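Presented sequentially are two complexes of chain A, the first with chain B as partner and the second with chain C.
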Partner chain A sequence: MYLLNRKQRHAVNYTWMIISLLLVAFLPFLLFVGLYIKSVLLIHDYSLVDLIFSKTWKPASGQFGFYPFIVGSIWVTLIAMLITAPICLLTAIYVTQYTKKYILRIMHPAIDILAGLPSVVYGLWGILVIVPFISRYLGPWLDIKTMGYSILAASFVLSIMIIPFVLNILIEIFRAIPMELKEAALSLGATQWQTIKHVLVKKALPGIIAAFGFGLARAFGETMAVLMVVGNVVRLPKSVFDPGYTLPALIANNYGEMLSIPKYDAALMFAALLLLAVSLFFNLVMHFFIVRFNKY
Partner chain B sequence: MDQNTKIEIRDLNVFAGKTQILKNINIDIPKNKITVILGPSGCGKTTLLKCLNRLTDLYPELKVSGKIMIDDNNILAAKEDIYKLRQQMGLLSQRPYPLPMTIYNNISYALKLRGIRNRRETHKLVMHYLQQANLWDEIRTRLREPASRLSIGQQQRLCLARGLAVNPEIILADEPTSALDPISSQFIEETFVKLKHDYTIVLVTHVLRQAKRIADNVVFMYLGDVIEQGSVEEVFGNPKMEKTKLYLGGTFN
Partner chain C sequence: MTRGQKIEEKIFKMLMAFATFFILAILAIIIYSIFEKGIRSISWEMLTQIPQGGYYYGKGGGILNAILGSLALASGATMLAFVIGMPVALYLNVFLIRHKKVIDIFRFLLDLVWGIPSIVYGAFGFSLMIFFGLQTSLLAGILTVTLFILPIMIRSMDEILRTVPIGLQEAAYSLGSNKSEIAFKIFTRQSFSGIITAVLLSFGRGIGDAAAVLFTAGYTDHLPNGLLEPVATLPLSIFFQLSSPVPEVQNRAYASALVLTLIILIVSLFSRGVGKRYHKTKINF
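Presenting the complex of A and B:
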C-alpha cells in the first residue's frame, strides 16, 4: 500500500518536524545576523553610543544620529498604548461581564472588520480626520501652534489601529475564566466590581500583559499609517504636537533612494536592527511580567 | 415556620427559556442537619442550589419564581443586599476554585469582605478556619504560597475553609467530592459531620453511598421534580415511590 513502511514514515515525519522547528527557532537569529552584516559598515565607523544618542541626521555629510527616530518611535508607541490599554481593558470587562451575550455577537464582526482594514486606510483617515482636528480644533483650543501632522496624530491613528487586536485577545482571555471562579468570589459576598477587581483581573493578568505587549509590538513596527500622519521631520519633538519621525517610516521613506550616499544603505539596515532589538527588548520585559504574575 | 426548619422552599419554579428546570419544588430543610439532595445528572440539583444563594442572578436567561424562606426572610424577593445575603451561606462547588491569591489571602479575603480588617484577629481566624476544614496541619508552613500549588483535595478543603470564613449559617455543597480521591472525600465528609452541629448543610450528590453515610435528610429529585423527601431511614429503608426504589436499587434508567 505505502511506499515506506511504518518506521520509515515515522522517521520522515519526525525529520520534517525537527526541520520546521529549527527553522522557526533560528529565523529571528538569522534576521539579526543578516541585518548586522548589512549594517556592519556603519557600526565599525561610529561608536554605538554615538549612533543611538546623537541628534544630527545628515547622511550627506556622514552624520547618522538615530536619536530623533528612536524618541519619535517610543513616543508614538507609548502614547498609543496609553490610549488603547484602558479603552480595551474596560471594553473587554464590560462586554464579558456586564452585557447580554448578543452584544458580544454583534461586536465580534465589527472588531474583525476593523482588524482587517489595511493600514493605509487608517493613514488616510488620519490625514482626513485626525490631522485637521488637531490643527484646527485641539491645537487652537490649547493655544498651541501645530500643523496637525504630529506625534499625537500618529498616536491617535495607531491606537485606533491596534484596538481591535488587543481587544480581541482581551475578550478571549476574560471569556476563558471559568464561571465558577466568579461564583466563588460572589458567594463570599463580594460585589460584582470587587469580583472583577480582586479576582478576575488578577487571574487574567498574565494574559492582559501579553495582550498589551502584542499591541505594543504591533504599534512599534507599524509603518504606513504612521508615516502618513507623523510629519516626517527629523527633529527631536518637544511636545506631542510637534512633528516627528519613526524608525519604520525612516526605512520605508528612504530605502531605494539616495543610495549613492556612502553608508546610507548601512544606516537604514542599522535602523532595522534597532527596530528588531527594541522589539526583542519589549518581548523580554513582557515575558518577565508574564512569568512574574503567572503563579496563581 | 417550624422552629427546626432553616430553609423553606415553596412553589419554586425555574425556567430557562421554554424549558422548565425546576417544577413546583417544595422542600423543608431542617436546622443543623445534613440534607442531601439526590438524583441523576441533569435533574436540577445544581440549579436548586444556585437559587438558594441567588447565583441564578448571574444567568439572565433563568426565570425564577416562588419563595425561599430563610429565617422568615424571602430571599428571592430580597432587592437590596444580595451580597450580605450570600454571606449567610458558604459555597463549595464541584471542583475547587481557589482565588488567584496566596493560601492565606484566600481566607483573609473572605474575612475582609465580612468586615474584619484587624491583622491579629485575621490571623487568628485564618488559623481557626483552616483547622476547622482539616487543613491547617498540612499547610501551616506554606501559607504564603499561591493556593493553586495545593493538591486538588487540599484546594477543596481550602475552599471549604474560605466558605466558612464568611461566617455563614448554611453550607451549600455541590457534589464537593466528585473530583477528589477517596481519602480527600473522606476528609470532607468527616468535616461535614463535625460541622453540622453549628451549620445547616445542604449537600448535592449523586453518590448513593455518600448520602447513606452522612445524610440526616434526603430529597430525591428527578427531571426537575421532587419525587420523595424525608429522613434517611425513611427514604433509604422504605421508599414509597417507584422511581426512588429503582434509583436506590441501581436499576434506574
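Presenting the complex of A and C:
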C-alpha cells in the first residue's frame, strides 16, 4: 500500500519539516541581507546621517535625501494612531466589560471583514469618500485650501485599516485579565467604572502599549492605500492638509524607472531596508511589553 | 459614590457605545460605497473578456485577465505556503512540545516576520528576481506572495494545533505511533477545520495584496499562460484603472474593486462555514 516503510516515511517527513523550519527561521535574516546587499552601493557612498536627514530628493543628479519621506511617514502614522487609539480602547473595554456576549459575536465577524479587505479597496474608498469630504467640506469649513489628497486623508484611511488589528489584540488582552482581580475590586466597594479605570486598565497597560505599538508598525509600512490618497508630493508638509509622501509610497511609485537612473534602485532598496528595520524594531520592543503583561 | 463619579461613568459609557457603533458604521459605509459604485458599472462583458485595444481609453473589454491572474497567483502561493508552512506548524506542536522555550522563540520570530510590510517583501522579491535573472512573471509573483503569507499561514495553524490536548498525543504514543505519524495522521485530522481556515485566510491575504506583486508579477492584458510570463492581478488592475483620467475606465476600477471585495467576502464566509462543518474526524474531549 505504501511505497516506503514506516521508518523511511518518518525520515522523509522529518527532513521535510526540518528544511521548511530552517527556511522560515532564516527568512528575516535573508530579507535583511538581501536588501542590505542591494542598498550597500548607496550606504557606501553617502553617510547614513546624510541620507536620513538630507532634504533634497533629486535622483537624477545623485541627491538622495529621505527626510521628506520619513517625516511624511511619521506624520501619517502618528495621526492615524491618534484616531485609532481611543476608538479601539473604548470599544475593547465596552465589548469585554459592559455589553452582553452577543455584541462580541457581532463584532468578531465585523473585525474579520475589516481586516480582510485589501488595501486597494481602502484606498479606493478613501478616494471616493474621504478625499472629497476633506476638499469639499472640512477644508472650506476651516477656511483652508486643500486638494483633499493630503496627510489627513491618508491618516484617516490608515486609522480605519489598523482598527481591526489593534482592536483584536486589545480584546484578547482584556479577556486575559483574571476575573478574580475584578471581583476583588468590586467586593471592596468600587463601582464598575472605578474597577475598569484603576484596576483593569492599570493591569493591562503594558498590553495596551504593545497593541498600539503593533498598530504603529503596521501603519508605518502600509503602502497602497496611503499611496492612493496621500498626494505624493516630495515636500515637507506644513499642515495636515498638505499633500505628502511616505517611504512605502516612494518605493511603490518609482519601481518602473529605477533601473534607468544610477543608484536609484539602491536608494529604493535602502528605503525598504529602513522600513524593515523600523518594523522589526517596533515589533521587538512591543513583544517585551506583551511578555511583561503576561508575567503579572 | 458621588454625583460626579456617576456622571463620569455615564459619559464614558456613552463614548464607548459611540466608538463601537462608529466601527460598525464605518464598515457599513465602506461596504456600501464599494457596492453602490461597483454595481452601477459592472457588466457581464467585464467579467468574461480580456482588455481589447484601447481598453484604457474607454473602449470595450473586461478584466478577466486580472481575475484569472489573481486567482492563479494566490492559489499557487497558498499551495506553496501550505507545503512549507504545515510541516513547520506540526513540527512546533509535536516535536518541540517539551521545549517551551524553543517554541516561544519560534512563535516570536514568526510574529516578527508577520509584521514586516508587504512592500518590503516586494522589494526583496524583486532583488531575488534580478539575482536569479528572472523576468517579472507569475513564478516570481508566486514566490514573493508565498514569503508574505507564510507567517500568516504558520501562525494561524499553530494557534489551532496548540489546542490539541496532550492526552491525544499520549494515547497515540501508547499505541506505538511515531512522531511523524502523530503529526500527519492525528494532528491534521483533529484540527482539520482550523487548517482549512488558515489556508483560506492566507489565500485572502494573498489575493488582496498589491504591494508585493507590484514589482514581481508585472502586468499584461493577456490571460496567464505560463509560469514565466507576466500576469495581471486584480489589485493592480484597480490601481491602474483608477489612475486613468477617463471616467469610464475609473468606473471599471470601481467594478473591479467590487469583484475583489466579493472574492474576499466569499472566502471569509466560506472559512466561517468550514469551521462549523468538519467535526466528523474530530475527537471531542
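Simple rule for what comes next: the second predicted complex is superposed on the first by the 253 of 296 C-alpha atoms of A that agree within 3 Å, B and C clash if a C-alpha of one lies under 4 Å from a C-alpha of the other, contacts with A are read in each partner's own complex, and residues count from 1 in each chain.
Operating definition for what follows: a contact is a pair of C-beta atoms (placed from the backbone, for glycine too) under 8 Å apart; a residue touches a chain by one contact, two chains touch by 3 or more.
Owing to the predicted nature of the structure, the values given are computational and were not obtained by experimental measurement.
After overlaying the two complexes on the shared chain, residue contacts for A:252 are found with chain C alone; chain B is out of touch. Shared-chain residue A:17: touches chain C; no touch with chain B. By the touch criterion stated above, A:119 is placed in contact with chain C alone, chain B being left untouched.
In the superposition on chain A, A:179 contacts chain B only, with no contact to chain C. Looking at the shared chain after the overlay, A:59 reaches neither chain B nor chain C. Of the two partner chains placed around the shared chain by superposition, chain C is the only one that A:107 touches, whereas chain B remains out of contact. Once the two complexes are overlaid on the shared chain, A:198 sits against chain B while remaining clear of chain C.
The wider contact with chain A, measured as residues touched, comes from C rather than the other of chain B and chain C.
When the two complexes are overlaid on their common chain A, residue A:295 makes contact with chain B while staying clear of chain C. In the superposition on chain A, the residues of chain A touched by chain B in one structure and by chain C in the other are 191, 194. Put simply, chain B touches chain A in their complex at residues 53, 55, 58, 60, 83-84, 86-87, 89-91, 93-95, 97, 99-101, 109-110, 113-114, 146-148, 159, 162-163, 165-166.
By the touch criterion given at the top, residues 6, 9-10, 13-14, 16-18, 20-21, 23-25, 27-28, 30-31, 34-35, 37-38, 86-88, 90-91, 93-95, 98-99, 103, 106-107, 109-110, 112-114, 116-125, 127-129, 160, 163, 167, 191-194, 214, 217-218, 220-224, 228, 248, 251-252, 255, 268-269, 271-272, 275-276, 279-280, 282-284, 287 of chain A touch chain C in their complex.
For chain C in complex with chain A, the residues that touch the partner chain are 1, 5, 8-9, 12-13, 15-20, 22-24, 26-27, 29-31, 33-34, 37, 83-85, 87-88, 90-91, 95, 106, 108-113, 115-124, 126-128, 147, 150-151, 154, 178-181, 183-184, 204-205, 207-211, 214-215, 235, 238-239, 242, 253-254, 257, 260-261, 264-265, 267-268, 272. Across the complex, chain A meets chain B through its residues 100, 178-191, 194, 198-199, 202-203, 295-296.
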